[in-house]
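In what follows, chain A forms one complex with chain B and a second complex with chain C.
Up next is the complex of A and B:
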């Protein structure tokens, strides 16, 4: 399992956590983590604290997640990326498209 | 033999066994051939290329293991005819040996006809799957080769000045999602693009053709690099699926302005090196890659930098800095920068970076496309000044100018009056050039006219309407400040709704055909306060002679290209005439 997801007990937060590598091989698992979730007003937290490597297809996957989040009027937060991953997010200027904390 | 009937080869020294297996196979709709020893089995395999082989182990002349090894060597990876050992040798060793020799399965006697047939069906199913996968693989390979051919042979071969631009391009799969383009603007500026589509292979190539077409067509028509980026973004947003995007760096290198304009949307830092290999400037990504947002962000801006002739602009994609060696270490920016610096010293940046990369990675598999462009900031096609007419002695002006139009009336005229917000949002020069091309046909002689129109229009807008002081541009710091201030004032202009028509620039053209060419009269009027014509022009030309001033080059250039150039109405009206000859 490279992707795990958990809905908080109050039902307001969905935390999607990624393992060391976030690349095309996690494509299906990543989609499965959120595609069935249709609650409105949900906060999606993409937890990248463990992730050491991320490629550009992972950036594409995040964009698909963002589309999903917007469709259900939710909010997307990218949480605690490592320095390497943060650098990749910054080169793509993702901080201007979503919240990174 | 009908195609759906498969051919089986039975190799067994017992004729009885051969007969028995043949009958069972025929019941399964196989055609059957038989051999009674290993050597002739191999021979028949070569002659008949069967779809299935049944092999006994203990046989005279050559045993089943050896025959199998030879058959498997012959069929290689390309063509799998499944091979089943039929044996009475029971036990683990026989099983292990048969797999070692290359057998795909083993069937131990005694077995019932039902078990035998089930085995044949199962192995045939696997073999069919392998065939299918191979077919798909071949198809994919063909597609990738086609895409590769299209990219290198058609798209990139048509780039401008390939001999002067250093290029590294190493694809991770056959087809690279990276693309580099160069094209010449009508005024002699050079447009450069280095881009990286998400992903690899054919999927990442969807956008390559529209990007190329748009980049070339808009450059040729005289659109600015920012206008081109905006259009490419719009196109990529419409065209690409949600998880695909296009990270790219763009540059406009203006030799006569001695400056470069750069926008990095999602690539690693670009570099400006001087001839001593010192990094003069790094261009960090300032905008998300193209295709993500429906429109560019409102604060998108170009970095404008003064350059000297010996500077070089270098763009890279992430494949270089993210290349890994056996220990899993990244090549990284410091290694890249030092390899690039060494390369500049040795006058071959590409070679130095490549060899440094090879030394570092040794023979590790390449995970991502690797691309680089290395572009000198001068040496491009000079704007042609040769269009001026030299009038032979004894040839009066009337003879030359108005041979067809006796009264000196233009054959056509054209006016464009832009006000308020449109001054920010519309670039009138491509519009005007399109009109001219439609009316008079395309031609190289319009290159100079394009430059004249651009320079004069920008002067009227910047110094007339926007009241910007060109002396700001005298220092390198002021240069950046100038462009910031310009963007701010244009924004203001766009927000004034009530008195919008008070701010305007009017471009008027009149065209007079000559016997071997033509004459264009250009009038550009602006709503500004004007300037002290005599002093400014005198100051400019003094400074030009001293070679110290960064501003005022535009007017000087226009002056060289025009037949006549004068300012009237306190500097709010400029009149130029441009003559060209066949």
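Up next is the complex of A and C:
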């Protein structure tokens, strides 16, 4: 499992954690992690603290997640990316679309 | 001289008294007194005579010396005149030379200052041109390095945007494909249901054939129908197999599609990241260079008028030439006074008829008149000649 997701007990937060590599091979798991969640006004936290490598498909996946989040009026936060990953996110100008902390 | 004469008379009288005493009185005490007085007087006279003789020789000598002095004075004055004449000539020559040198130097310096000023003006114009040019470059159509880097950066951002969008679209395609594969699975389920139906039909046809055989001749027609139904069920099963095979082929094609979509979606961002970093460094570098250029140009613009000011100050300072010339001219006047004195000295031994005394007096009066003239000239000059600062007149 390179992707794990967990809904918080109060049902207000969905934490999706990614392993070292975030690329095309994990797209199915990643999609499965949120596609079934249809709660309104939910905070999605994408935990990237373990992720070291990320390619453009990962960015595409995050954008798809963003579309899903917007569809259900939620909020997307990218949590604790490494320096390399943060740089990639900044090149893609994701800081304008979502919160990176 | 008179004292000596009286002393001699007195000593003669005393000697006479000694003789009278010796011949007639025979008084020893009187003899002693007279003798001692006489001898004392003679000693005093002797010393007086010595002194007088000395003064007499002196006077005699003095008479010959004064004759020598006239010649000496002449020769000394001649030497003096020669000396003064030579020195004054040298001083005059040097003064003339200095005047020429200073005038030449001042002309040269003044010219070079003017040249410097014109060069500085030229430089200023060039700087202004440069400033306006660099301004134009920025306003121009992407001609400057700065705008080029900004454009490149924007292009890179757009490129990244395109890559990400492609990935996103590919992933969407991928999810649709996955949905399609799921649809295929349900088709398979339906197919197996159809297969079940076919095998049941087959079984049913078999049963019907058995029943028809048991009925004998009466069931012959029914046996043909049962056989047909059975062959239909077999055909249906074959068709099912064909459909399954076709769908499996479609699945294989979808797997290939998945691979190509994966290649399309997964672009490595490392090179882009590097390019972006280089671009950022380049941006800051260009910014730095731009700032440096701007500040340098501004500094140059400040320096240029300073050069002009300094040059003007230098040109103004060249007034010293005027003052120096005045000084040199007055010095020349002083030298000509010395010449006058020298001329008077030159007439000294040409007039052997005139007494030395008179000549000296003439020399003295000439000296005095020259001295007064020089003094007058000096006082008028000290009023006229002010220092450089006070004479701050812009000559240009």
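The rule we apply is simple: the second predicted complex is superposed on the first by the 101 of 101 C-alpha atoms of A that agree within 3 Å, B and C clash if a C-alpha of one lies under 4 Å from a C-alpha of the other, contacts with A are read in each partner's own complex, and residues count from 1 in each chain.
Just so we're on the same page, a contact is a pair of C-beta atoms (placed from the backbone, for glycine too) under 8 Å apart; a residue touches a chain by one contact, two chains touch by 3 or more.
All of these numbers come straight from a predicted model, not from anything done at the bench.
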Practice task
Based on the superposed arrangement around chain A, label chain B with chain C as either clash or fit.
Solution key: clash
Exercise for the section: Based on the superposed arrangement, let me know which partner A:57 touches: chain B (first), chain C (second), both, or neither? Expected result: both
Exercise for the section: Mind working out whether A:4 is in touch with chain B, chain C, both or neither, as first, second, both or neither? Expected result: neither
Practice task
Figure out whether A:38 sits in contact with chain B (first) or chain C (second), or with both, or with neither.
Solution key: neither
Exercise for the section: Based on the superposed arrangement, let me know which partner A:96 touches: chain B (first), chain C (second), both, or neither? Expected result: first
Exercise for the section: Pick out the stretch of chain B that clashes with chain C after the overlay, from 258-266, 384-392, 456-464 or 564-572. Expected result: 258-266
Problem - chain A positions touched by chain B in one structure and by chain C in the second - result: 24, 55-57, 59-61, 63-64, 91-93
Problem - Touching residues (chain side chain A, partner chain C) in the complex - result: 23-24, 27-28, 31, 54-57, 59-61, 63-64, 84, 87-88, 91-93
Problem - Touching residues on chain A, where the partner in the complex is chain B - result: 24, 55-57, 59-61, 63-64, 67, 90-94, 96-97
Handout entry: Contact set on chain C toward chain A in their complex
Key = 157, 160-161, 163-172, 174-175, 178, 262, 265-269, 272-273, 276-277
Fill in the blank from the handout: In the complex, the residues of chain B that touch chain A are 196, 198-199, 242-245, 247, 265-268, 285-289, 292-293, 297, 318, 368
